[in-house]
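Below you'll find the structures, each written out as structure tokens.
What follows is chain A paired twice: with chain B in the first complex and chain C in the second.
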Partner chain A sequence: MSDGLRGQIGQLARRSMLRTLRQPAQIVPALVFPLFLLAVNSGGLEDATNLPGFPTDSYLTFVLAVPFIQGALFSVMNSGTDLARDIETGFLNRLALTPLRGAALLSGLLAGSFLLGVVQAVAYLSVGLIAGADLAAGPAGALVILALSVSITVAFGTIGLFAALRFGSGEAVQGLFPVFFVFLFLSAMTLPLDLLTTDWFHAIASVNPVTYLLQAFRSLLIEGWNLGDLALGFGIAAAIGTLGMLAASSALKTRLVRT
Partner chain B sequence: MSEQRTAGLAAVARAVAWRSIHNFLTNPAFLMPALLFPLFFFVSFAGGLAAIGEVPGFDFPSGYTAFQFVFVLLQSAAFGGVFTGFAMARDFESGFGRRYMLAASHRSGIVLGYSLAAIFRAFVTWAVLTAVALVAGMEVGGSGGEIVALYALALLVNIAATLWSAGVALRVRSIQGGPLMQFPTFLVLFLAPVYVPLDLLSGWIHAIASINPVTALLEAGRGFISGDPVLVGLAFAIGVALSLLFAAWARGGLRSAEAAG
Partner chain C sequence: MTTQTQRSGGIEVEALVREFKNGPRAVDGIDLEVAQGEIYGFLGPNGAGKSTTVLMLTTLLPPTSGTARVGGFDVVEQGPQVRASIGAALQEAALDPLLTGREHMRLQTALHGLGKAERKSRGSELLERVGLAYAADRKVGAYSGGMKRRLDLALALAHRPRILFLDEPTTGLDIQSRTALWEEVARLAAEDGVTVFLTTQYLEEADALANRVGIIDHGHLVAEGTPAELKAEIGRPTVEAVPRSEQDRERMAAVLGRFGRQAGSSPRGVAVRLGGGESQLAEVVRALDSEGIAIEHLQLHAPSLDDVFLAKTGRSLEGADEEESEGAETGAVAPA
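And then the complex of A and B:
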């Protein structure tokens, strides 16, 4: 990577991170909402551990994987809304007049998602462990959870960038939130895949990548080290990030041609 | 004089309700979330958690789909009211609400109009939700009268949530008041026995659910659908009391909006 490109990415990354830090409205819901659902679900569904074949006797441990994905969904909104605001205010047009490279713009904008991913992962894991969840993989597992959470958050952030560049409106990006929630709802979010007894729901959850992202977290929390589950989780995050980045790059080119 | 007043109130309410319903039906951005959100919750809970019906001690006679249907029905009733509050806040933010205030001969009619629109959108949502639930094989053990009582209970929840949200919208007069309408509603709904009956809850969630008024509404609703009514008087008393309380809250909001000019 050339010094010029590194400098451009650095400037935009700094701006993106400061922007995230200066907007409590982006950070607070991304922390409070998933933790509230964690508390409610872990209390309300504790009896699910009595089902034959349930992998742990602590529902809190099982459901602790969910906030990481919910938090990543907020990254779609935050990264997309920030970029959409840049488009709406004309800031992107001004950037287009500079020698800034597209790759620098997109990578720099993801720095806010990266920061949010770190804050979220530390908060969710800390609260979960304090509340009594298990971490079978031990302290090293905590680091892998952090890495996985950040990878997923950044990967989802690329989708937000794509949406912002494609639609150019913060409202349109916000409108995507329910769509992404469907992926979470139609996954093995509340019960393991094997215990999803409704046939059609089981079929959808089996092909839903969110199920395997959840499974990667759960493998560390419940089993210890399951390299297959981890590889699948990181692989899906990488695939989403790559596809999102390619789509965002293409949308950026189209948008800059329009301007 | 009184007849004139009633006629004026009705005319304002009719005009506000008509515009709000028209916006709801013609703008997919308003219509789709109102229809899709309850369906997502229903599909996720009834489909994804069906195995919970096999947990030892869970003996709801109409099955888990009906058990969750009641929660989603009441939730959609409440959120129909909240979404109407959003529309109200948006109108005041854009200045349209101020024009309502200037034009209306009886300003209570503005709140009444939004409330009627909220009821309409709730009925649209319930029609779709009920059809999907029946297609999904929901068992209904209650009689016709009991099912009417279930929807009457949901109607009270819708009215109470609309008046709560109207009170917030009229005080804040900006869509930024949205979380203030939404979060307490979400909180009170999810701190009730959502996934399993109250008896199967334990710890802090049981303690909170035991004193949460939504618990009585849910238990009564589930009693209606399974043909084994429980807590009927208490549930309706809570529904009426909440509606009256939030009517006073919305009236205070109207005074606040009037004072703001």
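And then the complex of A and C:
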């Protein structure tokens, strides 16, 4: 990577992080809402651990994987609405008049998602452990959870960037939020995949990538080190991120028609 | 196109066209040339094609046809070189409300590739120059409209461009902010030799600031020249008279009607464009006197750019603005 490109990414990353830190309305819901659902689910569904084949006797440990995905969904909204605002206000045109490269713009904008991902992962894991969740993989597992959470948050962030560049409006980006939540609910969010006995639900959950992202977190929390589950989780995050970035790059070329 | 303009870093436009899907031509074959250090006022009502032209000249919108060279570079073939030569403050002050003025300068100077030390000094120098040093560390969200416009101008100058595009830079500003911005733009052209392409819908702005004015209407350049040349071309002043008695207004209109076409006036007065020029003023007074019409107020107006607009398009600029807005609402006018 050239010095010029690195410098551009650095400047835009700095801006993206400053914007994230100066908008408590972006950070607070992304922290509070998933933790609230964690409290509700772990309190209300504790008896699910009595089901034969349930992998742990702590429902809190099982469901602690969910906030990481919910938090990442906020990243779609945050990165997307930030960029959509830049389009709406003309700030993107200002950037387009500089020698800025498209790759620098997209990478820099994802820095805010990265920062949010770190803050979220630390908060969810800390709250979960304090509340009594297990972490079978130990301290090193905590670092992997952090890395996985940030990877997923950034990957989902690319979808937000694509939506913003494609539709050019913050409202359109926010409209994606319920759609992504449907993906979460149609996954092995509340029960392990094997215990989802309704055929259609099992079929959808078994092809829903979110199921395997959850499983990657759960492997570290419940089992210890399961390299297959981790590789699948990181692989899915990388695939989403790559596809999202390609789609966003293509949409950026259409949006920025500068000669 | 002259090689002189190319060398000097001006602007040359030939048969430039921009069509939007399902709409009329927003810019319909304009030709113009701006010399280095010149302030060119691009005057026209909303929807006339001013902003579309600026977007094409700043490489943000590809032309449908025609050619344009900015700073000696082709806007289609040499976009990066054009962008390196120009600064632009587009129609809305595109700023990030969450960043401070200083942070904006830092970002802009860095993206233009200025070195670390120069970034800081250049940012401070420009903030000082536009009178924003005192607010440099405040978030832009708390800036007034005038402050935002001044910061916008400072950002456009960050990399010392040779050519500056200002798209309606004073729209919505109070008179003090407007005057301050005019002074800075005039200084840039006079002292730094910066070429300024300024779009405006304010006649007085074009009149006060521009060395030459191009009048655009429905995508066509309908007139071009110095403000003095354009007014001289029209050459007909307007006389406006207010009768002492309201009852005499109709009779006064009939008398003045002998001297020329009716023009816009105050509600109590009558105005006509004098077909024979200023020399008819004495005849006007004599005619009113002979009809026994007492005059409360009489004034001779020199031709204005609005008169030029009226002569070239058949309507006044103010009226055209309303007309264009109505057209835009009904989708009859392409975005520009």
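Criterion: the second predicted complex is superposed on the first by the 257 of 259 C-alpha atoms of A that agree within 3 Å, B and C clash if a C-alpha of one lies under 4 Å from a C-alpha of the other, contacts with A are read in each partner's own complex, and residues count from 1 in each chain.
Please note the rule applied: contacts are C-beta pairs under 8 Å (C-beta built on N, C-alpha and C of every residue); 3 or more make two chains touch, one makes a residue touch a chain.
Keep in mind the model is a prediction, meaning the values are calculated, not measured.
Annotation for the three-chain superposition on chain A: chain B and chain C fit side by side.
After overlaying the two complexes on the shared chain, residue contacts for A:R94 are found with chain C alone; chain B is out of touch.
With chain A as vertex, the superposed Cα centres of chain B and chain C define an angle of 90 degrees, given in steps of 10.
Residue contacts after overlaying the shared chain place A:P139 against neither chain B nor chain C.
In the superposed model, A:R22 makes contact with chain C only, not with chain B.
Looking at the shared chain after the overlay, A:Q11 reaches chain C, while chain B stays out of its contact range. Using the contact criterion defined above for the overlaid structures, shared-chain residue A:G44 touches chain B, although it does not reach chain C. Of all C-alpha pairs spanning chain B and chain C in the superposed arrangement, the closest lie 18 Å apart.
For chain B in complex with chain A, the touching residues are 29, 33, 36-37, 40-41, 43-44, 46-52, 54-58, 179, 187, 190-191, 193-196, 200-206. On the side of chain A, the complex with chain C involves touching residues 4, 7-8, 11-12, 15, 18-19, 22-23, 86, 89-91, 93-100, 257-259.
Touching chain B in their complex are the following residues of chain A: 29, 36-37, 40-41, 43-48, 50-51, 175, 178, 181-182, 185-186, 188-191, 195-198, 200-201, 205. On the side of chain C, the complex with chain A involves touching residues 58-62, 75-77, 79-80, 82-84, 86-88, 90-92, 94-96, 98-99, 103, 106-108, 110-113, 139, 155.
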